[in-house]
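You will see chain A twice below: alongside chain B first, and alongside chain C after that.
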Partner chain A sequence: MLTFAVVGRSDEPLYLAELASTKGDEASYHLHQFVLYAALDAVDEAAWRSGTCYLKAVDRFEDMTVSAYVTAGGIRMLLLHQGRGEDGIKSFFQDVHEAYVAIAMNPMYTPTEEIRSSEFDRKVKNSARKHL
Partner chain B sequence: PTTSGMAVAMSTSTRHVAETCVSLLVFEAAKHAAGMAGEGKDPAEAIGCRLGTRLAARAACGRAYAHDALDVVKLLCKEVWPMAFGKPVDNLKTNHRGVFVLHDAKLKWLLRASAREHDANVQLELASIASLVCGLIRGALGTMGVRCTVQADVSQTPACTFTVRAVRSKEQHEAA
Partner chain C sequence: MSRRMRVPGTSEKRGTKRTEVSLSAFAFLFSELVQYSQQRVSNVEELEGRLKQMGQEVGERALEMLAWREKGTRKETQIVGTLSFVHTVVWKALFGRAADALEKGTQADNEYMIVDREPLINRFISVPKDLGHLNCAAFNAGVVRGVLVAAGFPCQVSAHFVPQDGYKQRTVILIRFDESVLLREEMKL
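Moving on, here comes the complex of A and B:
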């Protein structure tokens, strides 16, 4: 189980993807989203205490763990998983950050807009396959 | 379209653009904005702001979250400034209470704009370029979490001084 979300500075949802095929259950999909957003407070707290981008595991719910990554621009990236390796997750976040910067460079894109680029989607999924 | 041209021209990846093109683009943008100014809004500042946001997003890639306003300003001076002007800021002063003064002895964009010219049009364009840079600073710092106001002093071109007054939001957040 692997759900990935990108959240903007004012907590607006920018991107959400289920990276591993689950049972395809509608309820569990909503639960994953809920756990991710509920972890945002923990992410903010960890970001204030830590000086690095990669925050590792910030929250836990039952058997699921939420790992986070914050950019200097205040964008939060969250990954819901069940015990994947730290190094893999860190590499994944770094790849996605670079893909995000490419999106941000687009003058037609505003920082509060949903990310609809298929290129970004492809890069996220490729990186997930490679590192996770 | 103007900002996209500038952002691409300043990219550090394999694409290269002649510096003259960037200079000309800056001038045209400033001139265009000067023409549109006087409606109560400052279009040059707005263009600069959007540019600054993007340069900062690029500079902040892979970098740790900076808590302190001073760290953010230093990042602007050492990383964002070279992206736009080819060299870091010459001098940075602060009163440690949210006011920062950036001084650059030779700003690339001001090399061909003189403050000593008495032509009103030239003065207007110079003010427009100054607004562009103010916007750039404001946008870049804003993206990294420091809201501020910026004022420029371009009376000694090509030297220039920018006074940044940060709104003390970060300290307030920490206290909360």
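Moving on, here comes the complex of A and C:
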């Protein structure tokens, strides 16, 4: 199980992807999103305590762990997983961070808008295949 | 004196040469921005407001790009660190040199000032008498606000002419942080 979300400064959903093929049903996808969103408070707390972007595991629910990464501009990246390695997760987040900066620099893109770029989607999925 | 302005590149790898743009090209673009805004406002405050808004959009993007490029996976969580980032990294990336001073205000706890003796942006701007105290460095104030708000430090920012030591264009950018920022700083200490 591997669900990835990018959330904006005011908790707007910017991007969501199921990165591992699960034989889950509708309900489990919704559960994944719910767990990720519920972790946002923990992410904020951890973010203001830490001088690094990578926050490691910030919340747990049953057997699932939420790992988080926050950019300088306050954009949160969340990964729901069941015990993947720290190094792989960190590398994944760093790749997505780089892809996000490219999106943010677009003068037509506002930080509250959904990320619809297929290029971004491709980069996220490639990075996930490589590191996770 | 630098005749070229830096522009944060969009598709550069970390560590490569930064792209530069000629000052005249930027000055031309900026003068058009000012004139465009001037036609759509009815007073000086509105004009400064528009320039500030434009600066804010630049600031938000500059923060993401520069933080990623210069600091990798580290980020600022305190006022001093963030202001220092604006004062050095952001100014250098946009104007080719760090700002001249970063001071804490004496009037109130939440006030800070960034001083620029000769803002690059005002180099080719002359303000007519009927526009009074207009300072086009309101754009710079917007950039600062964009960076600070995006970094999670809500504030009000304004640009003022404060000539001193023969620098007629000396501009002080005044930053007033919201109550919530001060409370958060206190809790951490």
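The definition used in the following text is that the second predicted complex is superposed on the first by the 131 of 132 C-alpha atoms of A that agree within 3 Å, B and C clash if a C-alpha of one lies under 4 Å from a C-alpha of the other, contacts with A are read in each partner's own complex, and residues count from 1 in each chain.
Throughout what follows, contacts are C-beta pairs under 8 Å (C-beta built on N, C-alpha and C of every residue); 3 or more make two chains touch, one makes a residue touch a chain.
If you're wondering where the values come from, they're calculated on a predicted model, not measured in any experiment.
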Broader residue contact with chain A after superposition on the shared chain, chain B or chain C: C
First (chain B), second (chain C), both or neither touched by A:13: neither
Contacts of A:52 with chain B and chain C, given as first, second, both or neither: both
Chain B versus chain C as contact partner of A:88, first or second or both or neither: neither
Overlap of chain C and chain B interfaces on chain A (superposed complexes): 47-48, 50-53, 70-74, 94, 97-98, 101, 104-105, 107, 111
Chain A partner contacts - residues on chain C that touch it in the complex: 8, 10-11, 57, 60-61, 63-65, 67-68, 71, 73-77, 150-152, 184, 188
In the complex with chain B, residue positions of chain A that touch it: 47-48, 50-53, 70-74, 94, 97-98, 101, 104-107, 111
Of chain A, residues touching chain C in the complex: 9, 47-54, 70-75, 94, 97-98, 100-102, 104-105, 107, 111
Of all residues in chain B, those that touch chain A in their complex: 1, 3-4, 7-8, 11, 50, 53-54, 56-67, 75, 143-145, 174
